[in-house]
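Following are the structures in question.
Note that subunit A is present in both complexes that follow, paired respectively with subunit B and with subunit C.
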Partner chain A sequence: MLAFSPYISSFIDQIIVSIPYFKPELTLIITFIGTIIASLFVDKYWDKASFTITIAGLLLSGCYLLGQGLSHVEMVGFFDMIHIDTFATSARVIILLSTLLITIFIQQRYQHDRPLGDLYAVVLTATLGLNLLTMSSNWLMIFIAVETVSISSYIMVGYFSSNKVQSEAAMKYVLFGSICAAVMLYGLSLLYGFTGNLNFDAPSHIAGLMEAPRLMISIALLFLLTGIGFKLSFFPFHVWSPDVYQGAPTVITTYLATVPKIAVVVLLSKLLAAWLAVSFYFSDFLAYVIIIIAIATMLIGNLAALRQQDAKRMMAYSSIGHTGILLMAVLVYQNNESNVLLFYLSIYALMNIAVFIFIDSLEVSLGNTSIDSYKGLGKQSPLLFTSFSIVLIALIGLPPTAGFVGKLLIFSKVFEQYQNFQSFGLLALLIVGALTSVISLFYYFKIPLNAFLRDNVDHYSVKSNPLLLGIGLFCTIAVILLGLFPDILLSLF
Partner chain B sequence: MPILSLLIFLPLLATAFILALPTRYKSSYKYIALAFTAVQFVLAGICYAKFDASQTGIQDLAGYQFVEQLPWIRLDLGAIGKLEIDYLIGIDGISMPLLLLSAFVMLMAIGASWNIQKSPKGYFALLMVLNMAVMGIFCALDFFLFYLFYEVMLLPLYFLIGIWGGARREYAAIKFFLYTLFGSVFMLLIIVGLYFSVINPITGAHTFNMIYMMNPQNYLGDSIFAWDGYQEILGISARLIGFVVLFFAFAIKVPIVPLHTWLPDAHVEAPTPVSIILAGILLKIGGYGIIRICYSIFPDMAALSNWWLGLIGVISIIYGALNALTQKDLKRMIAYSSVSHMGFVLLGIASLTAEGVSGAMFQMISHGFLSAALFFLVGVVYDRVHDRNIYSFRGLAQLMPKYTGYVAVAFFASLGLPGFSAFIGEAFVIIGSFNAASVGTGLPRWMALAGSIGILLSAVYLLWTLQRMFFGEIRLKGGESWANKLTDVNSREQLILFPTLALALLLGIMPSLVFSNLNASVLNLVSFIQQFI
Partner chain C sequence: MITLTHFLVVSACIFCIGLYTVLSKKNAIMILVGIELMINAAILNFVAFGKYDKVSYGGQIFALFAIVLAAAAVAVGLALVLNVYRHYKTINPDEINELKDK
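On to the complex of A and B.
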């Protein structure tokens, strides 16, 4: 301890200097405490207290983020632990906005059922973890962030569990998650052993990776991908997601399917951009593994979705398929050219939130999420199902929706790389990407097929929460508008 | 006046009106749709009247007419360069007749939907969206814009077949959608490849502009679709792959044998107006796409592979006709006759002679309204007794004399009787493909011969059907109750049929009404491609 004492003042200086960079996250931490206090003491008198504090905190954090975004300065703080650039800032804005919409979704959906203060607090910690994930290039920080997100997600999945399926989903998620995290940690320890440095973009880290023995580095990288793969649910670590997506309450599924992916994709693209810049065994190995994973993920996600009868389970597989597309984008991501990736991520968030809001409105009225039960409902609630169909069209990637533009931009990026390097792997990615869009038509269109083409025997009336339906419609309109005028969004990044 | 934009987006306005009007005014939807389509028809007529037939078009933007160009999407994407997408529309001799045809067939389709009872709001709204997409396809000169309209067209059709169709409508709708989408997603990859290969010579940015894609000088030397480069994908020339993928994307729409199987299903299950649009307009999009996109962007590959295209055309003609012979369902028979007649279009295009390509264009126009008339005629019987099996009817001539008259004229016109439009189209195709051997485009004479066998076969199946259904003693499957239901054509039906068949006669006698407008563009296209032979 004595050895440190001469440095303490400089440490403190560094921390004090770094704190302003950390304002958005500090706001989240303070909001977290505020929400807990409100849920303990104030919710009894005014049941919207914790919700209001959460929303206010998210908005405030968003204001600070905008401040960071507008300044366009790269900031490094906390001894290189956080590294803020425009990519990280834009990603955090997307995370924050999605979280905001999902928080409203939670509140509208469960306001009369049970106290939600704790859930808001957990959402805030998860967001904090995701923010850290986008900003950090230090493995230790990343691991802490991943664990923060994971533990928060475990709680979320189990929070509403009232029956066996939901408890099973939560349990599966915890077990699978902890094992993957442990394996990842082991991989990280190997990486640290090879390099003696924890910053993945540091020159000495990359130099260490170049010299590491081939077998060991391959194992270390695969272990690392295990942890990331669990969060992104790509092949072969996707098996948890259908059960969890189906078992968890729809609001939580929305969160899991959307927000964590944004942060992990950002992390992975930064990692690959740093590592694939050099051409050595470890980077070639990683590139091939990612290509294979992307192809397998697209195929498995889309083929398995074909057989699903449950809308939420189908969306789980659809989200696996989209992870494959995202991996394509991640693979060709280059530093300072994040707009294509960010565009796709924002569209992905919009589409997913809209779809799950629609699924949830139907679940409230029908009592289940089976696609068969949507039979003939198109005539009774044309607005809901028309918007639902439009969002599904966007998920397939057909014009005139933003889903098409997103896919086109990613294909263009990959094609450009193919033209430069003539790599067969990239061509295969393109072909599989195109082929799986055709396959995806088949299952996404089951929903409009049932809603519009078939007649129903029973007559349900679908009653939707007007605010939620409003959010869903807003997302739908945004998806079309951004499809016709993508520059509105793209020029922001 | 931006006449083409009006033509494209007027139906969208109609959709908005239809959706905004509450359902208690549901009887007014068809009038809104009719009014807007009529205005469109007038606009298309103005285009025809004002069209300058001496302008060439094809690979020369100055040769296009009614051009509108607006910058639409401009993005700086770093390494991929600047994204440049224009709202660029214009017409030449190839697209103008098809535009007029589309407006005409749409008018027929609205007339045929007069008695739609099942949720008319959705029906007419979707029909108008389809109308917009079709007009857009024929006008778009930017590949991105073209693709947008091309895909947008699929969605209303899926629902039109799927909701208002027959018993196996779900199957037919998804089959149609999957076939087309399968072609078009790979087309998308080629579009991306072309985008990276072509630069706008003025701004230096990559572009989706089709006209720039047609000029070899705009290609980057080392790009994937470079002209002089020897870029290969898995050992095959990249330009050949590009051509073949685009060709199949459009050939699925034409349709060619063996990718035609969606067509009979879609036609049989679709309601009459949708059949009319399918046969009258959508099949033409395939032929149009081959001329406008495959041939004009890859003229070198077109010259290289026209023998195969001609072969596919001949197979479609013969196979379609033989299939039509064996059908028991009247609508299915006409669907197969469409496959056969569209084979002529492919054969004519493949001949690479001025006669052949003009004949193919003429055949598209003529088949457009004749097949629409045939499907409408099937609809007349089907509306009355909900049966269209050929063997359920006999001796209809005594019950419905006027109807029989119309059917006879339509059948004779379709089988290529001189004096009607189909004769001109098919004759020119056969002349063109026969001459191809002398011009040296590589199409052997036996293909022309095989084409004329197709005409013979079409006479067989059409006349045989006429004999089976309309002549002889009255014998109906439904007995007396059918006899009462089978009333002769009413005035609304006559109002649609008469102008259509009159048009077939008019164009048969005065083909120059179409040919004079086509000629400059066709000659330009042929000379553009023949330099690569």
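On to the complex of A and C.
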């Protein structure tokens, strides 16, 4: 301890210098505390207090982020713990905007049911963890961020626990998630042992990985992928996601399906860009494992979705399939070429938020999420089902929607890489990716098929919340517009 | 003389015991105990490796944070298990299977 005392003042100086880089996250932390206080003391008098504070905090954090984004400077702070570059800033803007939409979704959906102040607070901590995940290249920081996101997500899934299914989903989620986190921690301890350094892009870290014994480094990397795989829900760690997506309240499912994936994809692409730059046993091993995982994820997600009768469960498998495509994009990601990945992530968020808003408004009216119950509803609520069908077309990846542009950009990037390296793995990825897009046609079209072409004897009236329907329509229009003019978004990143 | 290898062997054994507990026990609380064993194995590794990292003490710091995070995750886990018990009157994960592929 005495050895450190001469340096303490310089440490404190560096921390003070780093604080301005951390403004968006500090805003989230202060908002978190404000929301808790408001939910304890102010919500009794004005029931929208915690919601208003949450929205204001998210907007303020967004303003600071825009400031960082416009300055285009790479910043390193807190002793290399956070690295802020344009990739991280754009990803954080997408995370923040999606969180904003989902917060409004939560408020509109449960406004008359029960106090929600704590739920907003937990959403804010999850967002804080995701922000940290996009910025850091230090394993300690990453582990803390992953656990922050995980613990907040467990609470979100179990928050209502109003029936059997919701509590079951929460318990499965927490058990599976904690096991994956523990395995990842063991993998991280092995990596630390090989390298003596916790920064994954530091030269000494990569040098240590090159010299590590082959068997041990393979085990350590597989253990590491367990934790990342749980958050991304790729094969073989996808088994929790259909149960949790189906069991959790639809608003929470929306959050789980969109936002965490954005941050973890950013982390994984930074990791692979740092490690695959060298060609040694560990990087080749990692590349092959990721290729195999991506192929298996696309096949399993899309084939299992064919058999589903429940819209939320089907969307869970569909998002597993999309994870496979994101893994393809992650594999060919190189530094400073993040626009393809960010484009796909932002339209992925738009499409998922729209689909879950539509599923939720149908769930409110029908009382369940089974696809069979959508029979004949297309004529009664044409606006909802037309936009629902458009978003599903975007999820398949058909023109003229943004889903097509996103897939096209990723596929052409992979093909470019294939022409450069002639690697068989990349060709297999392309073939499986194209094939599974065709398969996905069959299960997504079940919804418009039931809604428009089949008749129903019972007549329900679908009443939608106008603001939520507005958000859904906005996302749908954005998906079409970005399909016609992708440059609007691509030029921003 | 206790060397690094001894620590690593012990931690590997603890990790395997934890993994076995997680996979075999029919009680959600015992699964949480198994998870705790796995995390402690990793923490032991970190502290053992941290001996060689006198510059930044990364391993020791990581161990401290991991202990705190594990406690937080287990606290949430126990609360959710209690919730399941209220609805199902059992905490055997094999019997809690309303959500599955049909």
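Definition applied: the second predicted complex is superposed on the first by the 493 of 493 C-alpha atoms of A that agree within 3 Å, B and C clash if a C-alpha of one lies under 4 Å from a C-alpha of the other, contacts with A are read in each partner's own complex, and residues count from 1 in each chain.
Following the convention adopted for this analysis, a contact is a pair of C-beta atoms (placed from the backbone, for glycine too) under 8 Å apart; a residue touches a chain by one contact, two chains touch by 3 or more.
Being a predicted model, the structure only gives us computed values, none of them experimental.
Novice: Once the structures are superposed on A, label A:Gly367 by its partner contacts, choosing first (subunit B), second (subunit C), both or neither.
Specialist: Neither subunit B nor subunit C is touched by A:Gly367.
Novice: Regarding the shared-chain residue A:Gly193, is it in contact with subunit B (first), subunit C (second), both, or neither?
Specialist: In the superposition, A:Gly193 touches subunit C alone.
Novice: Contacts for A:Pro236 in the overlay, against subunit B (first) and subunit C (second): which applies, first, second, both or neither?
Specialist: In the superposed model, A:Pro236 contacts neither subunit B nor subunit C.
Novice: Would you check which partner chain A:Val340 touches, where first means subunit B only, second means subunit C only, and both and neither mean what they say?
Specialist: It touches subunit B, and subunit C stays clear.
Novice: Of the partners subunit B and subunit C, which touch A:Ala181 in the superposed model: first, second, both, neither?
Specialist: Only subunit C; A:Ala181 stays clear of subunit B.
Novice: Go through the superposed model and pick first if A:Leu449 touches only subunit B, second if only subunit C, both, or neither.
Specialist: first
Novice: Please work out whether A:Ala169 is in contact with subunit B alone, subunit C alone, both, or neither, and reply first, second, both or neither.
Specialist: Second partner only.
Novice: Name, in rising order, each residue of subunit A that touches subunit C in their complex.
Specialist: For this pair, the touching residues of subunit A are 139-140, 143-144, 147, 150-151, 154-155, 158, 161, 163-165, 167-172, 174-175, 177-179, 181-183, 185-186, 188-190, 192-193, 196-198, 242-243, 246-247, 304, 307-309, 313.
Novice: Which subunit C residues qualify as touching subunit A in the complex?
Specialist: 8, 11, 15, 18, 22, 28, 31-32, 35, 38-39, 41-43, 45-46, 48-49, 52-53, 58-59, 61-62, 65-66, 69-70, 72-74, 76-77, 79-81, 83-84, 86-88, 93, 96-102
Novice: So in the complex, the part of subunit A that touches subunit B is made up of which residues?
Specialist: Within the complex, subunit A contacts subunit B at residues 334, 336-337, 339-340, 379, 382, 393, 398-400, 404, 408-409, 411-413, 415-416, 419, 424, 427, 430-431, 434-435, 437-438, 441-442, 445, 448-449, 452-454, 485-487, 490-491.
Novice: Okay, in this complex, where on subunit B does subunit A touch?
Specialist: Residues in contact with subunit A: 73-75, 77-80, 119, 122, 147-148, 151-152, 154-155, 158-159, 162-163, 169-170, 173-174, 177-178, 181-182, 185-186, 188-189, 192-193, 195-196, 223-224, 233-234.
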